[in-house]
Amino acid sequence: MIAALLDLLGALLLLVGSVFMLLGGLGLVRMPDVFNRIQAGTKTTTLGTLLTLSGVGLLQPDWALKLLLIGLFILFTNPLSAQVLARAAHRIGLRKTPLTRVDRLAEDTGEDA
Amino acid sequence: MSSLGMDLASNLTSGLALLLGLAMVLAALVAILVRSTPIAILSAGLVSLFASVLFLILAAPDVAMTEAAIGSGLTTFLFFFVLARVRGGESEASDDD
Amino acid sequence: MGSVTTLHELSGLTMVPLLAILLLFWVALNASLSWQVLSVGITVSLLIGWLFRRGLSPLTELRATPASYRAGLGFVWHFLRELVRSNLNLARVVLSPDLPVNPGIVKVRTRLQSPMGRLLLANAITLTPGTLTVELQDEWLYVHWVQVESADIDAATARIVAGFERYLEVMYG
Amino acid sequence: MIRRALVLVLLAVLGALFAALWLGFTPAEELGLTGRYYAEHTAPDLGAANLVTAIIVTYRGLDTLGEVTVLFLSAAIVGLVLAGGRPAARRKPPVPAGELLATGSRLLVPLILLLGAYVIVNGHLTPGGGFQGGAILASGTLLLLLAEPLKRFSHGLITRIESLSGATFVALGLLGLVFAGGFLDNRLLPVGTLGELFSAGLMPVISVLIGLKVGAEFSSMLASLSETEDS
Amino acid sequence: MVDVPVVTSVAAPVMLLVSLAAILAGVAFLLALWRFLQGPTAADRVVAFDVLTIVSITGILLTALAEGRGIYLDVALIYGLLSFLGVIVVARHLEGGL
Amino acid sequence: MPEVAHIALATGFALVLIGFYGALTQRNLLRIIVAFTLATTGVNVVIVAIGHMSGRTAPILDAAVPAAEAVSRVIDPLPQALVLTAIVIGVGITALMLAYAYRLFETRGTLDIARLTELKW
């Protein structure tokens, strides 16, 4: 009984994780410029994958340790790649959406150069 | 295990394979047809990453592992290194719109 | 390896946290505690630790005080809560038809000195509501903000950085 | 344009051939002769759980030795081809990596190497083995290169690892010829119980050697490509 | 089919939910793929690449679940630790760091 | 739903065709090498797909597949071993091609095969 409940909970977590990933995909399509798209892509996929991992962990408790490691790796690598990409995108001066209100980094590097 | 669950499991893998196959063919077409070389290399990397998941679905985890380890960074890196060194000789913009 | 090697780095004590983390990961990977796994794990960890004397681990610069461990737990809890909040926030933005974004890149200040603490701070900021670290230079962080509330340095610092810095300062000093 | 038309005709012929193959393809239902042999004999005879690694390391160990040699040759040729050139036109010096990438690489490279070691050592139990692990080790080198593009690699260390593991590989093979059933027979060491880390005889040792060799070869390829800058 | 197929340890209603999750993840995959095909700039494609690789990890997990084999997770491990390398390579190339 | 092996086989064939088309029509040497790697991936997918059997699992024995049942439960490991080595060698070949392309660029200043005319016949 308990095991069946845990299974159900795991499947629900899996479902919620997929919903977040879907939202990330939607954000990727709808957001106006690169930086906003990076935001949408990184946050949602990180949480979505973490939820998926915990869901699978509930479905198959034997795999828990390895799933935990995958989650840790993703927590460290995902924001790092997002940051490196954002830095590169800013350096090559990609067009930002006209909605952008302020860009302190461009101001500062403009002064330096 | 009931037959419904079994059916769903096999449909799930088939559906995944179908999705991946479609994505691979599309990415390969991008790699061939797009004007900018960096995008072509990136698309080839995407093809090999998807190939790795497809290998896993084909029950070949060893091959999937090799493809993932090599396709994720090494090949892409080799291409981009040479591209960075020959960039002066070609007049290609790094973005394509 | 490092051009500047301080006495502290030479003493070999700095390697201990890295070795501990490596061994921990090794045991988790193998999911076993048999003497075979442990002996190979110790060999491999020593080898990697020797090759990468400048290697870091989340434990490397962690202060070994109870307060610091408590702050670590608080950091993890705060981070997870913020992660969920950021996703809900993003879901609201993405699902609303008129896409209410108001982006900008603001400049904030951090007091942290330790590389590991700064990395954790930047990663945490990237995963929290509406913010994305673009560049980290000296004491300045440049953060892309989906909905800019204030372009003022101090106000933005209080809004974005302070929540995590409180914990990280106790942990890494 | 006649060339393009020729290409299209060629591809159409090839495509028709592929279509015929695809339509006539039915997946096999039973293992073939060799496959059946491997499935039956690998676990009891060699004590390995991963049949693919068993084939690569033991049944076809000689092929693997040859393959590693091919890889070594191609790495050496890449080095030779790139070393002889006159200095290329001066480019701007590469943009240094940000602080976060540098810190992140210091954090992640040991973990990548650890994962590589895990994949190599457990080659006979879980998916993995020398080739996969070697590629992962080289990925660690790659991350180092990305974080510090101007850093010089010690070619000496890489070459020494490479040649030492290669020589040990051949020596172990010859020992197998003398003391066990043939070249690279893995029963030089006790087969042990299926599923333990120290089992399958010589297989983990050979996996380690292949892993080190492949990792060193890929690393030297990467390093010689990246150092063409100011040679 | 001659042999007993691989048995998963998951009950049918749970499998239904899992399939639903797989469909949603598949839609996310398609959306990211659309962004990859669409562009417009190289950086946009790299973002899509990042998302695609991470959604693929979910694909690997679902495959492992459907086949009931824990050893498949090793591949997900490699994906989790190495897939960001591709993104970093391209990003460093874009900013001229190679 | 179609069989996994059929889907993979079709994908592999499509990749080979696309790769050949690219290798034959591109003019930039780097792009030709990219197309070549695509075709290589396609061939690998085809070989693994041919080795696949429906209803069987990966050739690795563990708690889920005990050694006694191996013959009736696992897939032929031989194609997988072949493809594994092919992938690794493929990277070596790609690196070699790229090194030669780079040297060619150094001496001739171009990667456009239309302008490399010595070998034309």
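Order as written gives the chain letters A, B, C, D, E and F; numbering starts at 1 within each chain.
As a convention for this text, a residue touches a chain if its C-beta (ideal position, glycine included) is under 8 Å from a C-beta of that chain, and two chains touch if they have at least 3 such contacts.
Note that this is a predicted model, so its numbers are computed, not measured.
Using the contact threshold fixed earlier, the set of chains in contact with both chain A and chain B is D, E.
The interface with the greater number of C-beta contacts, when C-D is set against B-D, is C-D. Of all chains, the one whose mean C-alpha position sits at the greatest distance from that of chain C is F. Chain D and chain E have Cα centroids lying 24 Å from one another. If you average the Cα atoms of chain C and of chain F, the two centres end up 39 Å apart.
With each centre defined as the average position of its C-alpha atoms, the distance from chain E to chain F rounds to 20 Å. Averaging Cα coordinates per chain places chain D and chain F 15 Å apart. In chain E, 1-2, 5, 9-11, 14, 18, 22, 29-30, 41, 43, 46, 67, 70-72, 74-75, 77-78, 81-83, 85, 88-89, 92, 94-96, 98 are the positions where the chain touches two or more neighbouring chains simultaneously. Contacts with at least two other chains are made by residues 29, 50, 52, 88, 95, 97-98, 100-101, 104, 107-108, 111, 115, 119, 126-128, 131-132, 135-136, 139, 142-143, 146, 218, 221, 225, 228 of chain D.
Residue positions of chain A touching 2 or more other chains: 24, 26, 38, 42, 46, 66, 69, 73, 76-77, 80, 82-84, 87, 91-92. Residues of chain C touching chain D in their complex: 18, 22, 25-26, 29-30, 32, 34, 36-37, 40, 44-45, 48-49, 51-52, 54-58, 115-116, 118-119, 122, 133, 135-137.
Chain F makes touch with chain E in their complex at residues 54-58, 60, 62, 64, 72-73. Against chain D, in their complex, chain A makes its touches with residues 73, 76-77, 80, 83-84, 87, 91.
In the complex of the two chains, the chain F residues touching chain D come out as 3, 5-6, 9-10, 13, 16-17, 20-21, 24-25, 50, 52-54, 58-62, 67, 70-71, 74, 76-78, 80-81, 84-85, 88-89, 91-93, 95-96, 98-100, 102-103, 106. Contacts from chain E toward chain D in the complex involve residues 1-2, 71-72, 74-75, 77-78, 81-82, 85, 88-89, 92, 95-98.
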